[in-house]
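The structure is given below, and queries will be raised subsequently.
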Amino acid sequence: MPALTSDIRGVVPIAPTPFLDDGRIDDASLDRMTDFFVGAEVDGITILGQLGEAPKLDHAEGVAIAQRVIGRTRLPVVVGVSAPGFAAMRSLAREVMDLGAAGVMIAPPNTLRTDDQIVGYYRNAVEAIGPDVPFILQDYPLTFSVQMTPAVIRRIVLENESCVMLKHEDWPGLEKITALRGFERDGSMRHIAILVGNGGLFLDFEVERGADGANTGYAFPEMLVDVVKLNAAGRRDEAHDLFDAHLPYLRYEQQQGPLGLAVRKYVFKRRGIFTSDAQRKPLMGLTAQAKGEVDYLLSRIARVDPRASLSA
Amino acid sequence: MPALTSDIRGVVPIAPTPFLDDGRIDDASLDRMTDFFVGAEVDGITILGQLGEAPKLDHAEGVAIAQRVIGRTRLPVVVGVSAPGFAAMRSLAREVMDLGAAGVMIAPPNTLRTDDQIVGYYRNAVEAIGPDVPFILQDYPLTFSVQMTPAVIRRIVLENESCVMLKHEDWPGLEKITALRGFERDGSMRHIAILVGNGGLFLDFEVERGADGANTGYAFPEMLVDVVKLNAAGRRDEAHDLFDAHLPYLRYEQQQGPLGLAVRKYVFKRRGIFTSDAQRKPLMGLTAQAKGEVDYLLSRIARVDPRASLSA
Amino acid sequence: MPALTSDIRGVVPIAPTPFLDDGRIDDASLDRMTDFFVGAEVDGITILGQLGEAPKLDHAEGVAIAQRVIGRTRLPVVVGVSAPGFAAMRSLAREVMDLGAAGVMIAPPNTLRTDDQIVGYYRNAVEAIGPDVPFILQDYPLTFSVQMTPAVIRRIVLENESCVMLKHEDWPGLEKITALRGFERDGSMRHIAILVGNGGLFLDFEVERGADGANTGYAFPEMLVDVVKLNAAGRRDEAHDLFDAHLPYLRYEQQQGPLGLAVRKYVFKRRGIFTSDAQRKPLMGLTAQAKGEVDYLLSRIARVDPRASLSA
Amino acid sequence: MPALTSDIRGVVPIAPTPFLDDGRIDDASLDRMTDFFVGAEVDGITILGQLGEAPKLDHAEGVAIAQRVIGRTRLPVVVGVSAPGFAAMRSLAREVMDLGAAGVMIAPPNTLRTDDQIVGYYRNAVEAIGPDVPFILQDYPLTFSVQMTPAVIRRIVLENESCVMLKHEDWPGLEKITALRGFERDGSMRHIAILVGNGGLFLDFEVERGADGANTGYAFPEMLVDVVKLNAAGRRDEAHDLFDAHLPYLRYEQQQGPLGLAVRKYVFKRRGIFTSDAQRKPLMGLTAQAKGEVDYLLSRIARVDPRASLSA
């Protein structure tokens, strides 16, 4: 399977992990999800991220999920290997790369503060997983409390050849994309892929600023694919029209923490992809009122985009 | 001037503070803003909040602003008196109440952690400003890093008769409104007003959950007023239609920190309310690209809501 | 092997993990350390704690260390099972209990804020590891940023029969011990063991306040044993005299983070217990100047306590 | 009055603020404290610091204290001007400099994270107070949650001629002093004074590493003065002997937050300097048991250093 490179573009969904109601991993739903992503014409799949409830899985479960997804698709599969220490990170990274993963994603621990601590952390991480493993740098201050300036990202990119992509989810973040693309233009940093997260909340402008696509868990990846394509084709107003039709629900889904995940799993269940919307603990279930709000929002999207129509 | 009570409803904008390009306070713009709010049919005005750059003003400047706004309108004026210590809080609170303020707003310092610390803080604050001064409890974890459960809010309300309103900007926050209204229904908490913040990002559903209105700085308070009214009239779809037309821009404006404020000031300048969009340091100016994005978003709103049409 | 109960008293050292210079686990040193602790007449051993660099070990390594230490001593062995998620916590806890561990220790994740979040976390943890596994509640705000009031600790103790001990390392913390012992006296909380951490920095007064001993990694556990005994025998001045002789070095060793650990490992090497003072990354080596400072401090202790004499 | 320069050496106590039992400022005690410091042969006085409960004073109170202390001594008086915004910082700085202060001290707000944010903050602060006002950079991560590397401190020193001193209270912090003195030796940074804080907990080694003295609130500044002098005279063992005699109490006093301050005020009262040990809210009183512990510790110091003898 080909390795992830800085040429990756388009949409790489962050996959949730399907559980049965009793908490066991739901392999049938995992397969349906993989097939669904292929059908949505995405450009890769990221598994075992924060959204994938990776910290709630034990090592063997994580590996089993990776093996199953990798075995079912020819799309590049990226595996989140963030861990409290480098030994566990190394174990998981080597194991999933042997299974055919295209690369790994590494989030910073929430104790990092100074620029040097951040740069040093990624230096140690690369030494742990090996310099031959392509990795995605995750920049998500809202969740991880780690603030990386564009200059710090540049230092990490320059130090580590294997850093091929930024998962960009700083907020506000538009000027950061512009700054990084400026570094490429002025020759001070080699090109890396930039795919955006944050549920896609600013995707409409992020692609205009130079992002290559999205790496996020929005429950309608088809919309993300279309927006990226419309933007690439210079059809600005159409890109915004489609995006704006989804935005009221997208905003609702993008609520932080277990609630946002509960919304996504609920919609994956409504779409027939997941058998159950169960989360492992700590979890937050959706109230009936919240489900009604989601249904209402989807019915409003469906006036414009029929893919959001849910059968009762 | 009448004191703020728990019957307050509708829209109470959080006012930015207008500066001249040299950093001095711009009295003419302050007057225009006050008149603009009156014209927008809001139900009160909050000044010297976080968004009002209150920490960047010295004591005398804060008092002068309060005096000017209070003197120009019969609307209730609420004054932010958050301070690093109770002596400064007391000074400002007593001074502005003497000038005719309707009440004060108090945000928690970002060092509070345990439930008891939070409850104790408000007990001390009330002792400092006096139990006769109506106050608004600000619950904004994203900015203040203080997490208040519904039960903690209830303790504060029960302990302090002068707590008349919650400025609700937790995120996710819909279930919190439902929980607090549940406390009222089950008789375990007296009624308080709940007005929402967060730029209005969830206003459409928050009013459906029981919020009484909005207490936020969105640059088109007229829209907030209309959504609250449409909801009260049971015209749900119309409320959402109007809200959704504004949401792409509202989301852009609601970016955290000095950027969001820069957007609002830019729009206030475009709307002819402010002479300058200057901020005091630390500041973030808008790039030309960002201004273009704002202009594009407003032009899209204007297709539906002509109030967003800006003259060149 | 008998299970840990709330009757545990005395000194239970937190064991560092010995590595060879190339980063592999050093079994010979592990055995010497186990024998050393037995010889020092301690009352148990805690392994795989924060100080034991547990997050830097992978699962198999952690289990192997537990098996080796448990197999070499009849002392109760407590195993740290703190993990980013409950699945990994459960795996490790069940595995080491099957190997004969006396109980486990659980630290809170640094994202917990409200009282309910903390109590809920331990409820979920107990559900994950099973209610039959005795556990130690670790209260260490300085490192974990989680603040537990005495009332929150009481809630956890009352909810979970299997909570048998508090590892107390709040700072300041003397009044917390007094408050918890007061809960026992007034009948509002059953008795639990309280053993103190923080390198023993306040052990002299903590035992006077009602602590049952120490659960910390000070490099001379013999001193901790003697202070606990002298205090129990009512020989207050002698207890303080011995403690004070060690305090200048103890304070030096108790510096936070990898530096404090480096000091301890250096002294364990000087004492002939460890072959190497290597840490896994991220690490901090001791400079020659720091080593000189440690040597100087130990030579000063040795004037009073010959056990601190190090052969060149 | 002469301005503070980078030649400052010795001991500059951080002064607590004396209150009467009813919370008003106690001028008589303030005068006694000033005279006491002069008698202790210190080299300056810092007022309105964190320990001085500065955030609990209103502007006028702070200025009045500064005026009184400056008017009573020819020692250089440094005034803490840390504030939530630059306008208040500027007001206070200009006012106290006009009154004859020797310089100001500025702590970073606890929201700063990246290197550039920290450097930018001090650039803005200097612009606000004016480049002619000598200032002390306070580096106290334990309290302020801001982590400054030696390289960041160097950037601040190089950018701002008026930065004349570092109040060093990082922990662990010995290597930081060595690093900064190394910058001076290799010519990459001009000389600044380094005076240490943290209650003096590492003063014995910090002066050996190159610190110029102490800038902290230990209740026996005479001891700090002696240790600095003994070290300067090359009498290492004597310096440590005196320091170690105080250390058990010093450690007790150095407990973080309002408790440590309560201990200091209690001792200032016992020493006849303060009439009352009252704090303003939020406060923590000393229990009878804690007072007994302090008395016991002082009686033990008094066996070696009669200055710690307290009359009943």
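Letters A, B, C and D mark the chains as written, and numbering starts fresh at 1 in each.
One rule holds for everything that comes next: contacts are C-beta pairs under 8 Å (C-beta built on N, C-alpha and C of every residue); 3 or more make two chains touch, one makes a residue touch a chain.
Predicted model, so just to flag it, every value in this text is computed and none were measured.
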item: Given subunit A and subunit D, the chains that contact each of them; value: B, C
item: Contacts common to subunit B and subunit D (chain labels); value: A, C
item: Shared interface numbering between subunit B and subunit A [over half = same, under half = different]; value: same
item: Pair joined by more contacting C-beta pairs (A-C or B-C); value: A-C
item: Chain of greatest Cα-centre distance to subunit D; value: A
item: Rotational angle, Cα trace of subunit C fitted to subunit D, multiple of 5°; value: 180
item: Subunit A-subunit B separation of Cα centroids, rounded to whole Å; value: 33
item: CA centroid of subunit A to CA centroid of subunit C, Å; value: 39
item: Inter-centroid spacing, subunit C versus subunit B (mean Cα positions, whole Å); value: 48
item: Of all residues in subunit A, the ones touching two or more other chains; value: none
item: Chain-level touch network, classified as line, ring, star, complete or other; value: complete
item: Subunit B - residues contacting subunit D, complex; value: 53-59, 61, 83-88, 90-91, 110-111, 120-121, 124, 127-128, 280-282
item: Of all residues in subunit B, those that touch subunit C in their complex; value: 113-117, 147-149, 151-152
item: Interfacial residue positions of subunit A with respect to subunit B in the complex; value: 171-172, 174-175, 178, 201-202, 204-205, 208-209, 240, 243-244, 247-248, 251-252, 255-257, 259-260, 287, 289-290, 293, 300
